[in-house]
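Below are two complexes that have subunit A in common, paired first with subunit B and then with subunit C.
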Partner chain A sequence: MRDRLQTRYQVQAQLRRPIKERPAHEKSQRETTLLLPTLRTLKKLPNFYLSIVNMVGPIASLSQLNRADGSASYKCPATGYSILGAVNAPIELPARRDALKPEEATVEVFVKPGTTTAGVGERHVEGILRSVLGKIVLGREKGFPRRGVVLTLAIVGGENVERGDSANLSQYLTILPALLHAGLLAMVSASVPLSMTFSATLLGVTKSGDIVRDLSPTAAKAAVSLHVFAVSSKNHLLLNESEGRFDFDTWELVRERALSVCQGETAASADGDVTMGEGTASASLNGFIRETVEDQVYSDYAFKLDSI
Partner chain B sequence: MSAPLVLLPSDEVPQDHLPTNNSNPLRLGPGLRILSQPSSKGSSHVLTATQAGLLTTDAKRNTVSLLSFPNRRYIPTVNDFVIAQIHHSSVDFFHCMVTPHTAHALLGQLSFEGASKKTRPMLKQGELVYARVQSVGVGAGAEVELTCVNPATGKADGGLGPLTGGMVFDVSTGMAARLIRASSSSAEHTDAIEGLVVLSELGKKLESLGGFEIAVGRNGKVWVDCSNAAESAVKVTVAVGRCLQETDQQNLHPHDQKKLVTKILRDMKLVS
Partner chain C sequence: MASSTTPISPTPPSLALPPSQFARLQPHAYLLAHLSPPPASNQPSVRANGRATSQFRVTSANAGSLTHTNGSAVVRIGDTAAVCGVRAEILHTKDIASWSVLQASSEQNFDKSNDVGVSESQDEEDRGHIQDLDLLVPNLSLSTGCAPGFTPGAPPSALAQSLSHQILSLLHTTRLVRADDLRIWYQPPNLDSEEFRNAGEGMDVDTEQSEDPEREIKAFWVLYIDVMIISLAGNPFDAAWASVLAALRDTKLPKAWWDADNETILCSDNVADARKLSLRGLPIASSFCSFEGDAAAGWRAVVIPDAEEQKQKKGAQQRWILADPDGYEEGLSQERASLVVDKENGKTVIVKMEKHGGWTVDSDDLRQLVDVSAQRWDEMKRILDQC
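So, the complex of A and B:
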């Protein structure tokens, strides 16, 4: 057990994800000596450092808020967005909001922008989130029918989402994967029964026809088409939001790429220019979700695991 | 036990992790469900997780369950011991608060040991009771009912009843569950399994001062009383509460729990 945890922490440190501090007496000498050279090389070679930063995966942690039933924070360095999500479930809904489907739980989603009040763009993205999450929440489990699952997502970092024109919607495509991940992790943290987990990715097609992953909002404006895919842990395609000009062949290519990004399958290696790290399970987005949850379970049950 | 296994929703429970005791039917705990998969030769059954958590099995009782994230809001479950505060009383019931911002739970005026129409406890607003959850009702908006007596024996088993004196401290629900598990099995080594040495350490150090008494409610409340320790009673109560809260908040290792106890008792000048 201890060995497994240690390797996990080392890998995390190299990916520059937060290292959870363990009591000092547990920290072995070996671990510190292994970490030091990596940090030193990083200081010496700024270019190498930059390439690491570009490759860096998202950062997430669970159960940060005390008063919510479940919460998660999610930060995507590539797009710069940082989301804080909180779930309260099951809670009693006021009035008759349960009347539409009395045998199931009602999933409600609220998206709060950092600087302004919610507007049309937020309503649009709330609808997308509600339909995706509503599909995977098992609303008929004990204690859930006629009650509510309320998810609140606050955009706490990243560029302001522009308002007022049609650019609004494409802006929301760039933030959608981060919102989906934060929402899912918060649901998991609140122990809401789910039929499956999923991961989502944003892919853009540039003018030269390249498929680019995790575009920044400025890069997204220059892209010809934008696509958001959510793929479940069982390989179902849960969500497809596409925007811009594209044909079926492009869409098919983008879909394959999305599957490989989310699932970590080596299917895309046929074209030869697969980006590094996508082939292994831990670098896939579903693998990332799994690792985040495992880390939290291991730290919550450290007292139980230490005695094994 | 094999290596710890963390499951996510939709993960299947591997066959080799199931207990192999065939005398009883396998019982599923929360977070797991059985699905049947149609296949060529009839249908096969698989156990899948619906929550994320640590898979645990009990070979003796032939159960398999999923330990989910422990520090959630408390949701009343039948037979849980809770510490409730009286909000107001009506003709038949005391209306109690078990968790903040939820509907009141009902505690019958006569559900105390030896209570009758003439002799029943007159509890005032704000007083505390140690009670057992009797029923949670069905569906949304159902009332939670509490009792301070075992209906089968008419006795107040396990210290049920009004809590007088002392002080209540808030801990996380996960910590409360750990404290209950650690104390329910009296064997000394169980304390180490739950990773809790703070209480036994406090007990050893404070024995000379007359010891202390605690009651743990699953709703994340710990009641501490120390009526024996004459003038240092308040100090001992606060020290015990602080030790429990800091162990909980910082998720301390047994080794650090002992250090914490020594430090806090010295800070409060209880032991030299």
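So, the complex of A and C:
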């Protein structure tokens, strides 16, 4: 366990670039307003480092790419997918037609499969991602109307990278949570104003009626029905994609399970600050998203913390 | 200026606009005014197109419209019209590069699943053949000048590609078409009947057992399912899927056999020999959109309440779920829900359910939508049975 803890800190150290190298756009200011409140929680750091090490959960890191406004990499050990996401925002879109919606930013999503060119399956997933992320991006904030928020997601690894043709369709449901998480973290990394965050999970119902979490692509093929849920930080159901044969009662069971997977037992207090108990925060996916961002803030603002 | 201030008619010039102009200038307010009429006016809450919130548009279907296809259908839902043609082509197994490998692996599968049950292994093999060999090839075209946004002759738009993908994915998940209907067999003349008996113990149980040397698959029918949306006024998926379903129900495949002397597949031109596909179930799609009364609900960040609070506040209804949205309503809402349901012995089975683009629709609403979709299933079944 100590080894893992050390590697964790090593990764942290690699991420911690000198402050001068950080691109000094206008983004730093907004980032401060968005993320500074979380600094208060940093004093509890040792606690949740331990809890992270204890769980076999996804691995994510922010701002890995230097040229993009924001980027994130996300790896899910359970399904084996590894996604690299980059966000450029706000940028001028060359093909922007003002007739569409001039008062808002346009959200564009591109999904690049690992081994082939994008096909119809990718178009479909891009549409889903666009509608989910486009709804939570505050596209009317200053500097965003008439501009574009361009998110590019590259599927860089996975035990079974998509073939490109549409033969294995259910794979897109298995990869959707990873794409959503990578997209969200990249958005946060680029300091795109968001109305809420979310976390997503894949659940499958097996032939015996058990609800299984984070199925691998091969296990997903044997499942009777597959469900992808995205639950917002405020417990809204943002996305549901269900396939297979099931009835509504089954669906509700799965939905409740999804809620507990995404939210865990963390209780959000009125001001939106998560109260973190021993180990509970990291059990939930929303907590994971939050911690990833906090880690990044911690490394970005290390100089401030040291001077305190 | 002068002409407008001198009234010709006795009524003074008013600032009121005709409804059609109001609808273009203030689409959101226009639809909202229809859905929430002032309580004094005693008007019911209807949509701008005169429908109730859970009412679908008038639907008509006609099968066998195209003579040069194996099966075809035209489905019209309001002003959205989809034409679907199914063309069957022969795929020789000798043209499939991975055929021998596939056969070997399906044999293995069969051995493994033998104790689980015959029907299950059959299902698996169905899925394997239809999906791995791509025996169903749907394509949807919007480049027909169906709506002003789609230029004719342009490359397929993202929407068209997404719809094609959804149709293919639904064909696979519902396992609508049986792989058995698409197989072309060869039964060599039975010269040695004793050997036949010895070899075929499992033969009565499962005729597709590929290790049986007597009977072999020589070719497959590949179904090219082409959908043209010739007029688009919202909700293309329901219309496209209904047309695919109607066309597949109409599809007849000619009798085909392997001719050992010519070493080729021959087809009978006798119509009486042709047989229809036997489809599994009748999955019907119904789509919905959620119209929010407060146009700014989505982007006023601070105001978004928790899910629980939102539920309690629901007394004053702030959003409407509109069934079968037309183009005007689709432009005004971001949140979509789509359900595909089937009925087995009167019991509703959900085959696909999806919602995205917002956070107002939750389990309570989805439960209602399942009921609405089940009613729609009855209606569509009647329409499809008549066509």
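Convention: the second predicted complex is superposed on the first by the 224 of 308 C-alpha atoms of A that agree within 3 Å, B and C clash if a C-alpha of one lies under 4 Å from a C-alpha of the other, contacts with A are read in each partner's own complex, and residues count from 1 in each chain.
Going forward, a contact is a pair of C-beta atoms (placed from the backbone, for glycine too) under 8 Å apart; a residue touches a chain by one contact, two chains touch by 3 or more.
Note that the structure is predicted; figures quoted are calculated from it, not measured.
*Asks:* Quick one: classify A:234 as touching subunit B (first), subunit C (second), both or neither.
*Replies:* After superposition on chain A, A:234 lies in contact with both partners, subunit B and subunit C.
*Asks:* Let me test your reading of the model: by the given contact rule, A:87 touches which partner, first (subunit B), second (subunit C), both or neither?
*Replies:* In the superposition, A:87 touches no partner, neither subunit B nor subunit C.
*Asks:* Taking the superposition on A as described, I'd like to know which of subunit B and subunit C A:145 touches: first, second, both or neither.
*Replies:* After superposing on A, A:145 lies in contact with subunit B but is clear of subunit C.
*Asks:* For A:175, using the defined touch cut-off, is the partner it touches subunit B, subunit C, both, or neither? Pick first, second, both or neither.
*Replies:* neither
*Asks:* Could you say whether A:62 touches subunit B, subunit C, both of them, or neither, answering first, second, both or neither?
*Replies:* Only subunit B is touched by A:62; subunit C is not.
*Asks:* Just subunit B (first), just subunit C (second), both, or neither: which does A:261 touch?
*Replies:* neither
*Asks:* With the two complexes superposed on chain A, say which partner A:193 touches: subunit B (first), subunit C (second), both, or neither.
*Replies:* Touch status of A:193: both partners.
*Asks:* For A:297, is the partner it touches subunit B (first), subunit C (second), both, or none of the two (neither)?
*Replies:* first
*Asks:* Just to be sure I follow: which residues of subunit A are touched by subunit B in one complex and then by subunit C in the other one?
*Replies:* Overlap of subunit B and subunit C footprints on subunit A: residues 138, 193, 195-196, 232, 234.
*Asks:* Inside the complex, what are the residues of subunit C that reach subunit A?
*Replies:* Its residues touching subunit A are 131-132, 134, 158-159, 161-162, 164-166, 168-169, 172-173, 298-299, 301, 304-308, 310, 334-336, 347-359, 361-363, 366-367, 370.
*Asks:* Mind pulling up the subunit A residues that touch subunit B in the complex?
*Replies:* My answer: residues 1, 4, 23, 25-26, 62-63, 69-70, 88, 90, 92-93, 98, 136, 138, 141, 143, 145-147, 188-197, 232-234, 289-290, 293-294, 296-308.
*Asks:* In the complex formed with subunit A, which residues of subunit B make contact?
*Replies:* 1, 3-4, 6, 8-11, 31, 50-54, 67-73, 75, 103, 139-141, 174, 178, 192-196, 251-253, 255-256
*Asks:* What part of subunit A is in contact with subunit C in the complex they form?
*Replies:* So the residues of subunit A touching subunit C come out as 104, 120-121, 123-124, 126-128, 131-132, 134-135, 138-140, 165-170, 193, 195-196, 232, 234-248, 251-252, 255.
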